[in-house]
């Protein structure tokens, strides 16, 4: 099959990856990126929005051809769809209320890979466990952070699942939960938001391994040719620094996966 | 609470979300209206089947209302949206086509709402029919009216009198059920509020704005229903 | 018009136990009987508002075709035929049954305009004439819920007259009326009788039975206990029960 | 169809049933009082009481439950004075917030049903009670409520079913009832249709039992109507 | 019991135009009048089922305290008083108004048990006795919708008797009855009269007016046109209208 025109879906409500402007147009890291990738692949692209809930079923049902919605490539998702190479990873970390004793969680600012540095990462987890004992942790349902919590902190703390990330922010500020866990990219921008000044990023950052390869383009399994096209384009964009440039613009730090 | 004010966010200028929210409210009304009308047709047929149908027809109608009132509406919408596309694609391929056929979100939503509200319409119409005074039907029969004529001249007006409050309730439900249609990618009011909430991280203002718009729609529709109720209740001496 | 071997059960209770009546055209039949003896049920069976358990009804020479219904009672086999016959049969209910969403005038015009499809103007004039005749012309724009009992009854009478039915069934048409109106209504009915219309009248007015009708039927516990010309019946009834019944009259 | 998977889904969703039932039954048990109170206030001659009830019903019926739950749960958490009040230990819990929201909701919808039932009581029967010297309270207890309940029962049964389905929204405030568990499973497996079919069947089963219960009750209470007798409605069928 | 200067308007229409009646204890008053003359409205005003526009009602020596209501009509100022008085006033409605969710027996026992709070066993026996008296004892477990017109009327009469009211208001209590039952019911009423009970009876039965009542009132267009002992009124009425009214009787 020859790809002349592809439709890409995004959520449109997950800044800085993707967001909607008041006039309804889209904006964000992935919006800039897909234009660049499509130019490299030499195809015409349209971007549509789709609620997160139905985004994977809609892809398999043929509503569109690709997903770029800050979606991490995880083993579970890969059972259903396939993913391109990653175009961004920020790692997962914690946020707490300003002034709480959890603010001083050890290993702040350190990044652990659950693939290559597993022993160090597990040690770090052991270090923060006593602090989290009996606390309530908020996390988005079925996000990679929730997979992490299920594996390492279940039993230590109570885990509460939210439908969307801004909801656990609210409960953190209201004092219903003590800690939240989400991606660094998300939390750093959320904490910077006016009104969220009582929220601070804390503790170590984790990535890879069960946290997946980072955000990637989701595709139907049978469209291997399309995946190859995306992989090629992403590799080019990494190589010539486009990804770094765009991530500096949107995140304020480099999210280029290595 | 956060610091950008409500009106700053919801204004109608280029940086305001006013127009987007209004447009979404329009979509909500359109989907709800299409679903409600479809449901009305299904409901009249269902009520007829339950009241006057023979045994198999009645059982079918009973099964329809039991199932559709019993399962969450979201499931129906999902089945239409995803199932509909798959089915259409399968048909399309069977005729030699290639790739996917889309089942538009609006149609899926309206049909799903129509199908679920049809079950409620059925019950409302049936209840209203039984509220009609036996004697008034007998008088019509004794005058030799045919079924159709009785339906048009006596049953319908009396039925609407009893059914209107119930229909008002269904309309309210349908209006808000349209919020579920967002899974089909349709940007109606609730989805627009979520998008806005996510994009600006100001969930409150957006949900407040959505609530206010819903209330405005309700206000207008209440007027319409009250007016029609007054019209169809002529001849009733006010109870107490 | 004729009724043959009419039976009607309500559950276990047999309310009508085999009624046979032949009514010649133009005959006015009074049906007397104590309360609960099945008079209303008999009239209601005639135009199949109540499904008879057994029996045969013939109206204007045509026998209503029936078939056994679900619960053992008969039901009309041919709805078209039934509707045609019904539109030739006027009925005044014991409980009036006016259409509550229509004004008095609309109630009276409904069947002539929509069932018989006669010109509206003609129906309107005629309806007004009938309302005038029963004395509620000034209430023609009122809804039934605003009428006194007697006014409702008169509206119901006007409604049935407006159809020019060949056969008329009256269920206690003067129960809610004062003596003056009773006289008035009975005069109207006598006029109809003179026009040759067939009538079955359930009544407690001995005066009517005696003077207007040319046949009296006395119903007792689902049987016809007495049947004959008023002079014979009132004069020298064979039935002891009937003599007791009329002897009880308070005047 | 993938039956092993559906069995797995069933096993994972079953633990959600107690939560679903608790939410529905606690909320409807308290909601009845709201409904009755609001209906009586609306019918009372008192302008203040009526306006309060009207406003309550208008706001609740006019906005989606989703938005109400959201505003009650996240909205109340926004204000310091609530967070420092004696209510906070209760409002802090998603469970009670969900029950409050569902209760307000069913109270508003229920009040319309109760009101319809009260209005359907024939005027003459109330007058007969008055002329016996019954006090207003006694009239309500002995004549109006028994008749109104009979009239409103089918619609109220319907409302309980709707409420049961509405509990599915409690998942947005972290409660793991049937839908919450289903959503979790879907976002892990992305097999929407299968999981929802299982969830839907569970709701259907619960609602089926519920509606049979209501039907039995209705039959018992409706002994006094003529409708049960064979003839009149069968005859009506001929014409409807 | 007395009624003073009673007015009642329905919208613009003045239905009662100033009625004054004094009824001594034990008096039986027949109210005659043509259909729509305001008889039912008069009875309904007596126990405030209809709010009078103006006037004063005194029952058993106690005047109903009133205050102006919203729409200009009067309303009772003291609900407790009104209920007490009402429980001393029995009413039989023109349209019966039986409670449809209760059986006949329950209908009759309701007020004695729940309003007057008398022992249930006593009420039950008495209710059965009254039902026997009006001849529907065998229907005591039926719901009203299963009764014939006359049976419903008799149930309504039994219901009002069961309260032992001091004053009784009857709105055409025999309209749906056959002559035999009319005789029966009139005998019951005569017995009540002999017990010294005060009664206001709207009726079209001249027999009753003449023989049972000791006072006849003729209502015409909202006015009292004639008021006096039956002998005087029927013998030599001053009112031409009344003479015309009774002359119309069909027997």
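Here the chain labels run A, B, C, D and E in written order, and each chain numbers its own residues starting at 1.
The definition used in the following text is that contacts are C-beta pairs under 8 Å (C-beta built on N, C-alpha and C of every residue); 3 or more make two chains touch, one makes a residue touch a chain.
Bear in mind that the values here come from a model prediction, so they are computed numbers and not experimental data.
Chain centre most remote from that of chain E: A (centre = mean of CA atoms).
Farthest from chain C in terms of Cα centroid separation is A. The interface with the greater count of contacting C-beta pairs, when D-E is set against B-D, is B-D. Chain A and chain C have centres, each the mean of its CA atoms, that are 83 Å apart. Remark: chain A and chain D have CA centroids separated by 39 Å (rounded to whole angstrom).
The mean-CA centres of chain C and chain E are about 29 angstrom from one another, to the nearest whole unit. Multi-chain contact residues of chain E, defined as those touching 2 or more other chains: 95, 146. Contact with two or more other chains is made by residues 74, 78, 192-193, 226, 229, 232, 235, 238-239 of chain D.
In chain A, the residues touching two or more other chains are 53-54, 57, 167, 170. Listing the residues of chain D that touch chain A in their complex gives 74, 77-78, 83, 92, 94, 171-172, 174, 176, 180, 183-184, 186-193.
Contact residues on chain B toward chain A in their complex (touch as defined above): 1-4, 14-17, 19-20, 23, 78, 81-82, 85-86, 89, 99-102, 182-185, 187, 191, 194-199, 201-203. Of all residues in chain C, only 44, 47, 49, 79-80, 83-91, 93, 95-103, 110-111, 114-115, 143-146, 159, 163 touch chain B in the complex they form.
Listing the residues of chain D that touch chain B in their complex gives 43, 58-59, 61-67, 70-71, 74-75, 78, 109, 112, 116, 119-121, 123, 126, 154-155, 158, 161-162, 165, 168, 179, 192-193, 196-197, 199-201, 203-204, 207-208, 211, 226-227, 232, 235-240.
Across the interface of their complex, chain C is touched by residues 133, 135-136, 138-147, 149, 153-154, 157-158, 161, 232, 234-237 of chain B.
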